């Protein structure tokens, strides 16, 4: 039996950027063409259609009495169809948040984005959606802060979660 | 035939690297070959092969399990690729465990591979495509978001200070200094970790594991074979896995219930009632510093919200009462997703056999737990290994 | 802990070229509800769940995130295999036999209609260094394989055309099938070449659908409300993942998989003992290549004669793809194998309606994962509780 | 219960996988492409116990997992194992000029190689089993890619 791997037995050839650039290491670059059109289905189809109208809608399960957003046609707890559509307010509370200085493709941002999970008023406790908060100094964002959706103007809405441009604190 | 005992009889891994010259197949082969060599076995003694690998978007190959099959030793063999996101590395051992325990196979080669550097513009960009395609991707989220959102929740719920989280980075990067495969071993102070730039508050750069290329492998054998070919098999005493809802914005993020459920599934099989007393060494998943603490609580190795205090008290140091991540973990060794999880199993194998060199924890550990986590903060996978044959 | 394992419930949607009214979750929910109803179980009783899916077929990375809710699997053991549904059946069997679970659910589905660039997607599966730069349409790999297969075995293009005519005609009697058509081999032989010698009509069309299968240990199976379909044998295997060194004439992955399955099921003479075969026919020639790999014919000449005599037709001596196969039902990606399992279960139960065969006691399903893979699996199901556990 | 979307409602959401992939050719590939680019040679690696010569060169034997260090130069001539003529592109459109592809076993190799069949437009122009020769691009045009090989030409 050999014992713990000696450093020279742990193999692998780290490649540094220089030989890559000099072309000593052969490489192939390829951009795949992977396009999709995902069926929204009943729950998300209605959700987006309502967003276009400037409304948030949820589905309710009569058995566990939860009002769920994003909506779904089945209750994942009770394993039964959900029962009805319920309109919610476009206000809520910050359930958790971050101040993010990096974009999705890892570019540094000067001003942080404020992604947050927003617990929606009218949904069951803890039922939130992912979105972004703006119009507040990042340092002042707090868990539990009351926020309100800021909708894009109606002609700009396309039936998307981005029809809500962002969420902002409710001024008292 | 019914359930049989199963042991790990060999382990191996490649270096973890920012970018490797090797192809994904070659990385898989290097690790698999090293594991076979350590068990003094040949490929034709392997009955089945299990691959674990995370998203195809990293290596840049649709159906990458099929592509990787010959690199993993799957040539003309029963071969499966299992998948639970970041939890895959530890899960793959559970998969191979039930394949051998079932009596269908006597030996299994488990290989985990990831070549994240293939992904441009940056490996992190692939993570955009893990979010819900309709309700989340249009917001252009990145992986840091969900970690930061969860960390905020964890800190707020239990009143945890950022210093306590930075301490995980200090410990793990220091532990990694003794690891021959490590990408990011370092001797740092809490101050230095906190001085690194904020990526997504409260997450600083030095609290995040790197993206890596690499592979790891272990060999599993059924009891008769294990006893015959191996002088000190590391017995698999329990396995568990659990998947929570995809609706992560509907969940309390302060505590990982799915890790608790996976842990109890493994502990029940292992006959463990008091994990904190009965486990000598832990390798919880640490892609971000706070996750190690979060997971220790899920693993029942610290009361809720108390892991930071135990860490500060030195309990989790290599010479502490419960050494945690003596390998150096993902923060120190590197994070080629699935391979990083399997690296933790390799570490338990070496630690339980007293072969971990400068990383060896004192006191001849008899039982260890490895855990990985993944998806949208959703998956817990747990393996308990020990020097004693399971009952 | 149980050595014998049976399928106690199946649920499935009809196969359709597109399913625009349902999200993949809603499609899965429908099939799962039907399967649990058929098995007479509540999801809370289920110990473990398996989904068979590939990220890029879904267009989502780490797709296993999205699998638990609509199956009733939240906070339960659940994992994904990036393989065919038949691999999932083997996985479930191993879980049950290891003692870690008593009731396991296997799910696989296809939303192929949502993939707008299917050939580009398969292209992304090719080796990026040696194969992909050639810029070939991936069907060309099937063209190459078909050509050397015909050349080496003496099977003729007419035989392949007969497979298409048979399977699409069989689909007329299968209400879930998407491509039923009463056609003649002539129709196939006049279809255009996609990649010589492979013709357009010889390629199965992708479809949407979802199938869910419930497996149970012996104790639970004996108490089940439906007649259990016992798993008598399973096998799965890969040949090389590299095109340059795999076998191009024999489907070795199927041969290796079936050898294990026959051994487990104690089958000496499969042609005599097994009543029906559901064999991968992603391309028409594949059905024939697979029948040889399964050890049902010693060579191409014997197989050719058998086809000419109509033996593989629904009313023949050894019916192959009574369901319509992938050519007749359509190809629901990873769910392909599970739809073949569904067919076996219905036939074994005597619930196969207009296509019911008499006296079905043993059936075999076999899958292949399509180009460029050499991955396949075999499952043998029977009405009798096996003497030797699978 | 569910309301079906009305006719004018959007029912699907478009998207893509927005990535590019950068592949290294690996330690085996470095040997093969270096020889191809600089010398126009076809280099494979041998596994003696398994009696295999892998072309292009590989760093390991898939059958026994041995590390392969013995390099073998493979001849440019060989036998056509199979061929196909591809009539459609990746979008399913008919190609203006079909592409002929060959699967070739070169003399000295036990594995096959897939590449274009040059000057073949029709299935009648070629037969399985015929002799072919590898056409390699002139040195100035070689970059260390499988496309440094132009394809195979049927030798009459």
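Read from first to last, the chains carry the letters A, B, C and D; within each, the first residue is number 1.
By our rule, a contact is a pair of C-beta atoms (placed from the backbone, for glycine too) under 8 Å apart; a residue touches a chain by one contact, two chains touch by 3 or more.
In this text the structure is predicted, and so the values were computed from the model without any measurement.
Common neighbours of subunit A and subunit B, by the contact definition above: C, D.
Of all chains, the one whose mean C-alpha position sits at the greatest distance from that of subunit A is D. The interface with the greater count of contacting C-beta pairs, when A-C is set against B-C, is B-C. One simple way to say how far apart two chains are is to compare their mean CA positions; for subunit B and subunit D this gives 36 Å. With centres defined as mean CA coordinates, subunit C is found 33 Å away from subunit B. Centroids built from CA atoms put subunit D at 41 Å from subunit A.
Within subunit C, residues 20-21, 56, 59, 61, 68-69, 74, 114, 117, 120-121, 123-124, 128-129, 133, 240, 242, 245 each touch two or more of the remaining chains. With touch defined as above, residues shared between interfaces to two or more other chains in subunit D number as follows: 4-5, 11-13, 15-17, 19-27, 29-30, 62, 90, 145.
In subunit A, the residues that reach two or more other chains under the touch definition are 13, 15, 25, 28-30, 32-40, 42, 44, 48, 72-73, 76. Interface of subunit B with subunit D (complex): residues 19-23, 25-26, 29, 32-33, 36, 42-44, 57, 59-60, 70-71, 73, 75, 117-121, 125-126, 128-129, 133-134, 137.
Interface residues of subunit B, counted against subunit A in their complex, comprise 12-22, 27, 30, 34, 37-38, 40, 60, 62, 120-122, 124-125, 127-128, 131-136, 138-142, 144-145, 148-150, 152-153, 156, 180-181, 197-203, 213-214, 230-232, 245, 247, 249-253, 350, 355-357. Per the touch definition, subunit A reaches subunit C in the complex via residues 28, 30, 32-44, 72-74, 76-77, 79. Interface residues of subunit C facing subunit A in the complex, by the touch rule stated above, are 19-26, 29, 36, 42-44, 56, 59, 68-70, 72, 74, 111, 113-117, 120-121, 123-124, 128-129, 132-133.
If you check the complex, the residues on subunit D that touch subunit C are 4-5, 11-12, 15-17, 21, 23, 25-26, 29, 52, 54-56, 62, 81-92, 99, 101, 103, 110-116, 123, 128, 145-147.
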